[in-house]
Amino acid sequence: MSAMLLNKEKWPEFVGKLTGKNVWAPQSDGTEMRFAPVGENEKVVLDYNNTRVPPKGALFPQTETMFKFEIGSDKVEEPPLDQEVVVLGLRPCDARAMTIVDKLFKWDIDDPYFVKRQEKTTLVGLACNEPGLNCFCTSVGGGPAATEGLDVIMADLGENYFVEALTDKGKALLDETRDLLEDADDDAQKQKEKLSGEAEDKIKRSVETEGVPEGLPGLWDDPLWPRVSASCLGCGTCTYLCPTCHCFDIQDETEGIDARRCRMWDSCMFSEYTLHTSGHNPRPTRKERTRNRINHKYSYYVDKFDVIACVGCGRCTNLCPVNIDIIEILRQVKEAL
Amino acid sequence: MTEKPKVGVYVCHCGINISSTVDVDAVAEFAEKLPNVKVARTYSYMCSDPGQVLIKKDIEEHGLNRIVVASCSPRMHEPTFRKAIADAGVNPYFLEMANIREQCSWVHEEIEEGTAKAKKLLTASVAKVRLLEALEQKEVDAEPAALVIGAGIAGIQSALDIADAGFQVYLVEKTPSVGGRMAQLDKTFPTLDCSACILTPKMVDAANHPNIELLTYSEVEEVKGFIGNFDVKVRKKARYVDFDKCTGCGDCAKECRVKDRFPNEFDQGLSKRSAIYLPFPQAVPAKFTIDPDNCLFLKKGKCGKNPKCQEVCGTEAIDFEQEDEFVEFRVGAIIVATGFDPFNPSRKPEYGYDDYPNVITGMEMERLVSASGPTEGKVKVFNGEEEIEPKEVALIKCVGSRDESVGNEYCSRVCCMYVAKQAHLIRDKLPDANIRIYYMDVRAFGKGFEEFYDRVRRENVRYIRGNPSEIFKRGNKLVVKVEDTLTSTPLEDEVDMVVLGVGLEPRADMRGVMELLRLSQSPDKFFLEAHPKLRPVDTATDGVFLAGCAQGPKDIPDTVAQAKGAAASAMIPLARGKVPINAQVAIVNEATCRGCAFCVSICPYSAIEMVTVNRFGNEVEVARVNEALCKGCGSCAAACLSDSIQPKSFRDSQILPQIAALGVMK
Amino acid sequence: MCKNPYIPHTATVEDTWFETGGERCIKTFKVVFDDEKVRDQWSHLPGQCAMIGVLGVGESMISISCSPTEGQFLRFSVMRMGKVTQALHELEPGDKMMVRGPYGNNFPVDEWQGKKILTIGGGIGQAPLRPIVEYVRANQDQYEGLTMIYGARTSNDLCFKGEFEEMSKCDDLSCHLTIDVEEEDWQHNVGFVPQMLLDLDPSPENTIAITCGPPIMIRFVLENLKKLGFEDEQIYTTLENRMKCGIGKCGRCNAENMYVCKDGPVFNYSVLKEIPEAFA
Amino acid sequence: MDLELLRKTGAEVAARDDVKYLLGWKQGTYGYRVAPAFVENAAGAAELIFSPLCTANLATYLTLVEQLPVPRGEEPDTRKVALMVKGCDSRAVTQLLVEKGIERDEVVVIGCPCPGVVDPALLAEKYPETEEPAEMKWDGEDFLLIRNGEETKISRDELLAEKCRLCRYPNPVVSDEMLGEPVETWAPGEDKGVEEVEAKDVDSRLEYWMDQFDKCVRCYSCRNVCPLCYCQDCILDRLNPTWVNRSVNFSENTAFNIARAFHLAGRCIECGECERVCPANIPLGKINRKLARDVRDKYGFEPGVDPEAEPFQASYKPDDPEDFIL
Amino acid sequence: MSANYEPNIVAFLCNWCSYAGADLAGTSRVSYPANIQIIRVMCSGRVNPLYVMNALQQGADGVLVSGCHPGDCHYMEGNYYARRRLGMLKDLMEFVGVDPKRFHMSWVSASEGHKWKEVVEKTVEDARDAGPFEGFRRRQIDW
């Protein structure tokens, strides 16, 4: 599909055009960037390094009502999920992550909530010109300008955004905003490629994944696990902020007679996650839980869905309060193999 | 095994007490739709026999296993309904009461309001009752002994009754002698028998009874434990006189260097005593006591060359080295018989009690007319200039009673009669005197009272209805300013003497006992009984009973009657030898307890201790509750950060749904 | 059936009874779906389970403890453990239970045709084994016979007690009960299940052994089965892991790369033994 | 800080038979990161450091370590855990002693007098992080940053962590061994963060916190990192009864945060870890410090300074303030 | 805020003093606003401060905790603990923006039926002043 340019001055207008849709975009809350619905006069910031909390919530909200009911009745009401959503400016890794969780949510039985939301959501990505300190997307099959999972890709060319539709949904979106866009010439195309090449070069950290998915199970009792997990706090930071983590809990919440069953993000780093009521816990310590996290991403998921469930966004490493560094763990894994 | 909760809801009309402000039928109808409610009914008097039968029948017919009674305060009828459902085979702790009378119908006016609130309260009760747990009533041994605090007539009588029944009694009296106020009285209405004559034998009995350990000049310092097992510590104040050596001869008092310098408490200060003294001639025990505040030697460390008393005491009983002693013992029940204080008329300055020596109180009058009193029974007053035999005598009733301005709204119940009695006694001694009594009402409600009142009136005692507003001096006369409200005539009555018929007040020092035993005060500030009608001698603290004027003003017959009642009640645990312990005790979840011992430092009954348990091969410390000690206050639970300790029936899991029910139902 | 797999069907409890007593008592429910369509479309096989629950409280994964051969109803035997199971225990005949499923794989009953079946159960572990027993009894001609070993701590902890008497009347069925410690009036064996297995000394010849029970018991039963000469492929067991969705989304039930809710709960020992986490 | 002394002492302690491992700090994997070190033998002590980047409070590991079932026939490992503590960290140890979370003879405490650490977020903001691990040192009154071999002197005021500005106990209050001389204490500054919030009217305060708590993702890092949040089964995770719903929204987040803060009232020793680890950047320290200040000013109580003290929430004084009572 | 807004108040009363005081108000037919709903606990020391938070979250506009006067606690010192904990809570709530008018604590003895009335009136009036609690009240169930 043809490439186009959007003058940065027209950006607010572009956002404004998407009326009737729920538009999500990165915004600053003063200290940090986060994806949030765009309200009036709100400043969308595209010049950012990655939000702390990934935009996975657009398809898989942190808390989602599965259905409502009244106590005492067995009639349930399902959510309509008919709102059109546009996510603006998400990074290629986050978009790619959605394709990864997609596999699980459609494995055998479709997860209706994810699927419905996905149908209604258009993802407009923004290529990275300045990758972050701990980005290693290129090691796990992504890249600063990767388009997998996106409907539209944008790139910051300075004065203009380079804009290109990648899917029909993306095309429809650009059609709606056609009058704000101009056709891109070859130069623009080249400039975009140059920038992404440069961005790739700027990525300093990397992991070596060859042999890892097959090899990990063999390291079950390796001393590396107690070593790398000793300082883990068992907080959910790494998983909550991971764009490919998809685990959830289901709870019934009641308020008088009104009640709902909802699901919310859960984390395999929590001890309750696998705890049986009897007190038995198949993963009793942080060692087992850390091992599961790494294995799940780099081995089990590959085994089931043929893809590594890590997009190299570096969040877990950036935000782990005790410097548990997935890149370092993988280095040690590799060493132990 | 988990049973599905099947709740029966019983909404009481309480005659019209509830139903006039709460639409009880609407409430019951509403209740029927609440989760787990099987039946909801109303009845005119739920607590009555047919009311209880109704519940029992429903339990049988509908297989109910939880009961909610929406009626009066659980403080009133919880035991009643607990028993009723237990009779029907349901665990008595599967009961919850919604207080829709005291806290609803009686305090709200609009029926909409009342009904709406009743529904809410009921919703909360139903929410809770579903989550209650079955509890078991356990018992512990009770110590077959009693403590009686205060040895006025009430205390003496209780002690004698309990001792006669064969139980050990510790009778603790604050002052050096037993007897209390009654010992100060001259003759007693309405029969006019001499107070000392009827009291002294009892005082002696109490002192000599093999089952009574008399602890005079003593105070209870500490009470720990609970019904059946109170651990008591008593301070025996130093008398500085060897109890065993003193023969009560009184030589010391006669020789005391500060002889007859200090107001004699027993004579209401109308006479003087020495620093070493016997409160009154018939005092029991007849042992002298040194008043440490006034004794030269004790105060200044020096009394002449040698303390005089020490010099003269033939048995060398004086012992300045003596120190307070402590006695500790365990009892199963406690009777509080600490009596009253006469109203201090200084608080009504318009009556000039502080200014004019010929304005005296009824209590002083008792001493004045007493043959053993300071004047040997002669009625004489000092009018400021000279001592005279009064010709014109006025007695004023209700001084300090039924008087909002001094904060006492209650009637003191004895003044009408003792004022009449004193008028009679004055008439006896001063046949020519003009005696009048100013009064608001005459309440001659007791046995023989009306007859006595009639008799006094016939003795030429004038009753003038009016509440004097002021007493002042004119010349050497006192002027009583008053309006005769029957004739609406303002009067300025000139008299030689005024007797203030002071009322009875709670003892100024009652706080100490209150705090020791966790008692409360009723609005009149006397000790609060558990129920004004049904449990008049019980208190909120199990095993602690009230006797005499400590609970409220009363005359001697009533005092004695109540003392006997308290004795009987106190003897129940002693005789059974066992007391049921609180079933709503705290319990620790050892799996989650983190061993911080916060609960241990909190528990006021030291009911929690840390124990070491084996948790999968690891030794860990966890809290454990001693059920016999726990009173179920739940303070521990609020302090436990991990909610590992919870009082049964008041668990978080039972209270939070109550909160939800009250909040959500807006 | 409903499109949204998370939405449970309403079923009515027809009958309930307690199998065992005590703090962690087991109660059995016989339930029937309210909707006829659901009833007709529902099909399960021994080994499968269902998410059952109470709206407003939650759901728990519970083995279906009846065989489809028994009729158009479901049976669940639930041990009272926590929030949901407690709420389930409060249900009485006539009450509604919410059910979705069936989930998980089943015992390969077709593959086993012509073989001898040996079940070794302990405690509540008999719940997933009961459908096998019933299934084999209903299709006796297709199997070479059934041996059942079942034990519990005390006779009061044995589930399905009432049924054993009738069972032992069956020709092809031998039923061996055992309890941990001697009791008065106890007619059967005393001793632990793994030992009982050794004592019985069943031949591995053309036999499938299925075991389910407390982890400790399973470990020793597996050991003893090996001692008796059973091949890994002849041994089956079922796993129990915490799970929320039942359909492979919520994540937590995995034992390494196996999702118990989808790849299990029935596992052949040859697969399982490669998964150390399964025995954690 | 004399690194040689630190490592020498570390090696000695780690080598002790009665010591399971020694907790210290080591260089992290990149940038300004410092990671907790679990030193099991003398050799491991070579990587120990103590620098203005050592913000982490290692006392949390004393209670974080899961107690696994002891296999039958084996004895539980009762060896001591040794740990290095700054002033604030040592208060956590003391408070744990008060609460019987640990016994004194279960730990070996190595005190590190602390001239104050940096605020890592501020540092990264002003001096962007590099992938190469950087070093930092105390340099008299200043900090010395060494990145890619390049030294930058930064004034203390510029980077000092808020908790350190307010610190009243830079020298460990409990220790078995002290590394070096005590530092001179400094006058704690004003708590501007708290005062700023207090200066707002009640509605603006709510608005302020609403914005903050709205960001909470309920990762529970704040709780897990806290050395004094060590219940086996946190009530905020519990289903029966449910104190807070698990769904993530402003209401539940606020309830969670209030409950957490309240549970730390009179226990929080102001190490600032919760705020540091919060991925949502919620200024949790303000709440903790506000409570800590009230506990100090109104109740005259300071947690974590006296191992014999009665726990604040489990004690009272007859003259505790009651001006708020009707 | 609507003119006829009626605040919803949840009160925790100790069994021995305040609950008895409220009973006395009833026996004395002292009338007071019906906005108050009482939850009986054995001692004010039982009141977990988180109840207050929970009540506000679950639908209360105001919360009252009442116990015996200092020194009068049936369990000797429960009210002292309550005072300390709830005093801290009040500070905390105020700091996070909960109007201090929404939470009160009082000492009401078994003899203070009239004081109970005054306390209720004050609590209701304050809560009314503060308006419906929106703060962190659980929102209506939403998709």
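Every chain is named by a letter (A, B, C, D and E) in the order it is written, and numbering of its residues begins at 1.
By definition in this document, a contact is a pair of C-beta atoms (placed from the backbone, for glycine too) under 8 Å apart; a residue touches a chain by one contact, two chains touch by 3 or more.
Predicted, not measured: the structure shown is a model, and the values here were computed from it.
Colleague: Considering only chains that satisfy the touch condition with subunit A, which of them also satisfy it with subunit C?
Modeller: B, D
Colleague: With centres defined as the mean of C-alpha atoms, identify the chain lying farthest from subunit B.
Modeller: Result for the farthest chain: A.
Colleague: Quick one: which pair of chains has the most contacts?
Modeller: Chain pair with the maximum contact count: B-E.
Colleague: Quick check on this structure: which chain has its C-alpha centroid closest to the centroid of all protein C-alpha atoms?
Modeller: E
Colleague: Measure off the straight-line distance from the CA centroid of subunit C to the CA centroid of subunit E, and report it in whole Å.
Modeller: 52
Colleague: Measuring centre to centre with CA averages, how many angstrom lie between subunit A and subunit D?
Modeller: Centre separation, subunit A to subunit D: 31 Å.
Colleague: Round to the nearest whole Å and give the separation of the Cα centres of subunit D and subunit E.
Modeller: 35
Colleague: So, what's the distance in Å between the C-alpha centres of subunit C and subunit B?
Modeller: 67
Colleague: Where in subunit E do residues touch at least two different other chains?
Modeller: In subunit E, 49, 54, 58, 77, 81, 85, 138 touch at least two other chains.
Colleague: Would you mind listing the residues of subunit B that make contact with two or more other chains?
Modeller: Residues 591, 602, 639, 652, 656, 660, 664-665 of subunit B touch two or more partner chains.
Colleague: Which residues of subunit A are in contact with two or more other chains?
Modeller: Touching at least two other chains: 71, 249, 251, 255, 259, 284.
Colleague: Which two-chain combinations qualify as touching?
Modeller: Those chain pairs which touch are A-B, A-C, A-D, A-E, B-C, B-D, B-E, C-D, D-E.
Colleague: Show which residues of subunit D lie in contact with subunit A when the two form their complex.
Modeller: 28-31, 33-36, 38, 56, 60-61, 64, 66, 68, 129-131, 211, 215, 217-221, 223-225, 237, 239, 245-249, 273, 276-277, 279-281
Colleague: Would you tell me which residues of subunit C are touching subunit B in their complex?
Modeller: 18, 21, 25, 27, 80, 86, 89-92, 95
Colleague: With touch defined as at the start, can you tell me which subunit B residues reach subunit E in the complex?
Modeller: Of all residues in subunit B, those touching subunit E are 73-76, 99, 101-104, 106-110, 113-114, 116-117, 120-121, 124, 511, 514-515, 518, 520-525, 528, 540-541, 584, 602, 604-605, 631-635, 637-639, 647, 650, 652, 655-656, 658-660, 662-666.
Colleague: Going by the contact rule at the top, pick out the subunit A residues touching subunit E in the complex.
Modeller: 65, 68, 79-81, 255, 258-260
Colleague: Looking at the complex, which residues from subunit E come into contact with subunit B?
Modeller: It is residues 8, 10, 15-17, 19-20, 22-27, 29-34, 37-43, 45-49, 51, 54-55, 58-60, 68, 71-78, 81-82, 85, 109-113, 117 of subunit E that touch subunit B.
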